[in-house]
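Two complexes follow with subunit A in common, the first pairing it with subunit B and the second with subunit C.
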Partner chain A sequence: MNNKESISSFQLSMLFLAYITGSAVIIIPSPLAAAAGNGAWISELLALCSGVIVLACILYLYRHLPGPTYIEFSKQLFGKWLGWTIALPALLLLFLQLSNIVIDIGDFFKSTMMKQTPAPIFHFMFIILSALTARAGIEVMARMFVLLLFSMFGSIILVWIMVSPYYHLEYLFPIMPDGIGPILHGAYIANGFPYAEIGFFTMLLPYVRKKDDARYGKSLFWALLVNGITIVISVISAIMVTGPLAGFYKYTLYQLARLITFQEIVERVESVIGFSLIVGSYMKASLSLYILNAVVSRLFKVKDNRFLLFPLSIICFLLSNTLYTTELEFVEAVNVIWPLAINCLLILPLLVMTAIVMIKQSLK
Partner chain B sequence: MALTQTEGSATHPIATKLADNQEQLKETFSNCSDMAYLPWNYGPGLEHEALSVYFRTLIQNKQLNYMKESLQDLVMHEIGPATAVSPEDVIQFFENNGVSAQSAQVLDTFDSAVQHVLEGYIVIFFDCWNKALAYNALGLESRQISEPVTEPVVQGPHNSTVEELAKNIGLLRTLLKSPRFKFEQFTAGEESRRDIAYGYLDGAVNPETLAEFKRKISAIDKEEIMETSYLEEWISGYAYSPFPLVRYTERPDTAVAALLDGKIIAMVSGTPTVLICPGLFFEFLSSSEDYYQKPVFSSLVRILRVFSFLISLLLPSTYIALSTFHSELIPTVLLLAILDSREGIPFPAFVEALIMEFFFEVLREAGIRLPRPVGSAVSIVGALVIGQAAIQAKIASPVMIIVVALTGIASFALPQYNMATGIRVLRFPYMILAASFGGLGIMFGFLLTLLHLSCLRPLGQPYLSPGAPLDIKQFRDIIIAVPRKILLHSPRNRHLHRMTRERK
Partner chain C sequence: MAGKIVYMFLIYAAVLAYDLPAWRRASKKGRLVYSLLLAFSAYLCIIYAADLVWPNVDQLFHLLFAEPSKLFIKSLKGL
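After this line comes the complex of A and B, so read on.
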């Protein structure tokens, strides 16, 4: 790995914010509301707690075990072969994750603005864009994404404010119409995406400058908090505007943006908002591709860490075109299978490893 | 004027016999019709020979005889009557005492003698002496310091740099009276031998940037440099980027402000352009005049410039995207007006925009290249007659004319010409993207552009700084011009040498 590149802890937390907020803020409120109804924001808070745990785990592991990757953690703890067996499925998850993000982007455009364009075109454009971005390296991403995050959060806040005339406080109640069950279901969905994916973020920790080492843990938690607040407010405003229909509309923030009118001149600006929101998905796709590339490069001990980038992008492009035949299949894969898969294959080993290290540390 | 002394590499010594030297000179300068050889004699009975060599064209006749005068000076001081001077006296005097005349030097090698002749010196060879004397007699007229034609300001100094390097350095030194203001010079090119000078304010300049600059500029000593902009390719290192990575100015005050900001400036003799590097993206949106006016007003102007940057880059493509893909975004009344005006136009919006932009660029190019009296005729015929006729003939819609004209005007509002040219290049890919994918295409192009901008690191500094990596305190000064006094972090207010932080 090219260790010459380095970023500050602020930049790392911004990348982290892009990684967890990126596609989540536009996609997750809808399935959350569909599953948990009015209590969606409680589900989100629960999922956020799970994210805190995952983040704490990877920071703890990174501090106590040398080597940046999840795979190296497991190799050190379980020995070479058992470590591989445990870590390899997580690698496959990375492919899936990137493909899913790209499919999401294609789906977004196909179902909202450009209904007649075939989805592979969107997949191709965004895979190429992400590959070029990942190729430029983490420093460039860190510089660029800070600007994009500002525009993204700017438009999110704009939507919150501009749709405020449509807020109905009474839609928030009752908070838990059907008891705790649906809320846990919502938490399950939001836990799988985006919070369990934090587990992959370890790959980027070694890039932080040495002198910033002490601070990044704190700033990562701040980023997580900002992410949680953003999604909670988005969910709440969706519920306040659309009430029981909140789970019915996909891409909640985009749908909210359709309501914006201002003096009959600014109306139907949803596509403008949509573009700045989908930038989040692009950022997440770039980071995922970068992480995937870094993991695979280490796996095959490739010296030139850009060598594998385009082959991997092609694989993910093909995956994104062939993985799912219908949209329903995709929704099920993301909302039902993905949380289960990532929790079993990534989070469970991670927790076990953390426990082992903790026990080892306490025995010392 | 500093000259590269080729001493040390004494490949070609000066012959002791004058006749040999003369022969060699005639061989070197064969077919140079403006070369003058002036043999003369001195000493008792005028029996000792000497030879003055110079270019008539470089020395305006008035100074022809002052080497004789200086020789007479020597005679008066040292040994009395001129008729008694012997070659031994001459040699002894010049070897021991050096040269008393202010603009003369002793040359050791034939090559440096040739070089001095080429630079407008009068070189005197003496018989029986293997050295030569050179008197600076360059009498070429140079342009007077005048108003900067390309960068006029309302307020502030109205002088501009000229074609003469020494004058320019002098102009800068009068504005920046600091011993920390360093100027280094060297000569580039085998044939043209142009003097290149680069200056920086020691302590303000980032040492890493300076080292990088020196490393890059040391590679060009063999290149023929015709203009300061030749240096850009060597210094910036991104030859294919449409964005400018160095700034140019003709204003000494702008150059000095840049020096205070820690920039490096470079100049080439024979051209008035001053190169300022590294050029960062946001600096291209500001002008030296911003600091001469009230901050409130300058802030407004800067925000205007940001908008005119976006307009000149994106307006045609946005129009294409809106009218072909996102017509719902246009307010209904306006949409009806556009539709009405487009009625009967045979081309789709993209083709129409492409044609109009193309001819606008042609007009612009024609306006620049033509002689001035004809130039205005072109703009009248082009802009007024053709524009009006195109609308009446239903070839172009009035809205499209407005879009193209606004784009052009917005690009003129950018204070730096080379940024405007970069945008001109990028506008066409954006239009193609907008025509194929609408808003998505524009977003795609915009992200690609942003990625490219983030990748650029002229002389090791991130091109988008202080926007990315974000530095709020510095960034304040980019979009709005904050009052200098309370803006502690402005470069101009910065006390010397702020610690250079690690690269981001």
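After this line comes the complex of A and C, so read on.
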């Protein structure tokens, strides 16, 4: 994790795809379907539009301000102290984001495959794996995650194809039986997770090679489009297979994988597919930890970027074990509180910063 | 509780042993930030080991955003 590390625009877009698709593809279809019913895919498309706006903002800021990251943007535009006031809530959000991913992984293993094992064991193993990956640096992550992304997307596409005998097109209708309200509720959930989290990705933009500077914007938008299409198809598959029950099953793709049978030879493949899906959460957790470490190091101007990684990992591990006492609290925190919190504390300052820079540019 | 204390002791011992050479090389500011992070983790460790209901990060967010977000969702659903 040294300061001279650099990646290509293609690698950046792969990291971006891993960051936004990682845990979302396995988690988000269920709360979306619970909130918006058959119109969950419309909610996803609306949320995707909000993601496009956030990505456009960070790219615009990065092109017009000499400061390379969210921390520098805020300090340059608002001064040192107001910049700190903006950066500190973002730091807390990052802690929460990473802890929530770790909690989700523990919950996934406990509710599907390894029901007798205590959740802190999963939390620890997962966070230590993420810490070691983040410590290896962004170049290693960029090279490794491309392969893992192929494995993850391969599994997802396999699930879509193999469960096709169970598709019922009629389950998709009616699309909006209760009007636009539930659709907007679904969009609110998907906006908070994963699209508002794109705001944190500014921390990785400075690692792109200078010669690739002109190209990465386009490749990031392509990655966002791939993410949107993947989640939309996953949501539609879930609705076409489970119908009105789509919102009741957690980890929808995993539940769909349980249905796969082929000539009575290929059965019970859900564990293999489950691990491929969990790889997505691992990639997102590693990138989140890397970003968290970069934010803390830049905020306090610590020169050795690797030095703070393990204390931050311990904090996230302990947060994952102490934050919520019941699953209901966790669900409320992620689906109700998180979208508003991240929009107020991260996206609103980002929009204000973009507006200020746009006004300054127009006055020049 | 004893199991959690042993578990955390092992984690801290491993991390501190690994970071000791880097600690020696680190600047004063780096050591200060490292110590602050460890102090925060120690607070969380006490909560975890003793199963205490002490103030935590999520409660801050709950206090600030729970009611407004519920009202917002209610208004969305009413559309």
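The rule is short, and it goes like this: the second predicted complex is superposed on the first by the 361 of 364 C-alpha atoms of A that agree within 3 Å, B and C clash if a C-alpha of one lies under 4 Å from a C-alpha of the other, contacts with A are read in each partner's own complex, and residues count from 1 in each chain.
Keep this in mind: contacts are C-beta pairs under 8 Å (C-beta built on N, C-alpha and C of every residue); 3 or more make two chains touch, one makes a residue touch a chain.
Here the structure is a predicted model, which is why all the values come from computation and not from measurement.
Applying the stated contact rule after C-alpha superposition, one finds that A:Tyr171 touches neither subunit B nor subunit C. In the superposition on chain A, A:Phe221 contacts neither subunit B nor subunit C.
With both structures placed on the common chain, the touch criterion links A:Arg268 to subunit B but leaves subunit C unconnected.
By the touch criterion defined above, A:Trp160 reaches neither subunit B nor subunit C. When the two complexes are overlaid on their common chain A, residue A:Leu92 makes contact with subunit C while staying clear of subunit B. The larger set of touched subunit A residues comes from C, when the choice is between subunit B and subunit C.
When the two complexes are superposed on chain A, none of the residues of subunit A touches both subunit B and subunit C.
Within the complex formed with subunit A, the subunit C residues making contact are 7, 11-12, 15, 18-19, 22-23, 25-27, 29-30, 33-34, 37-38, 40-41, 44-45, 47-48, 53, 56-58, 60-62, 64-66, 68-70, 72-73, 76-79.
Residues 6-8, 11, 109, 113-114, 117, 122, 125, 129, 132-133, 136, 139-144, 146-148, 209, 264-265, 267-269, 271-272, 275, 278-279, 282 of subunit A are the ones touching subunit B in the complex. In the complex of the two chains, the subunit A residues touching subunit C come out as 92, 95-96, 120, 124, 179-182, 184-185, 188, 296, 300-304, 306-308, 310-312, 314-315, 317-319, 321-325, 329, 332-333, 336-341, 344.
Those residues of subunit B that touch subunit A in the shared complex are 325-326, 328-329, 331, 437-440, 443-444, 447-448, 450-451, 454-455, 462, 464, 467-470, 502, 504.
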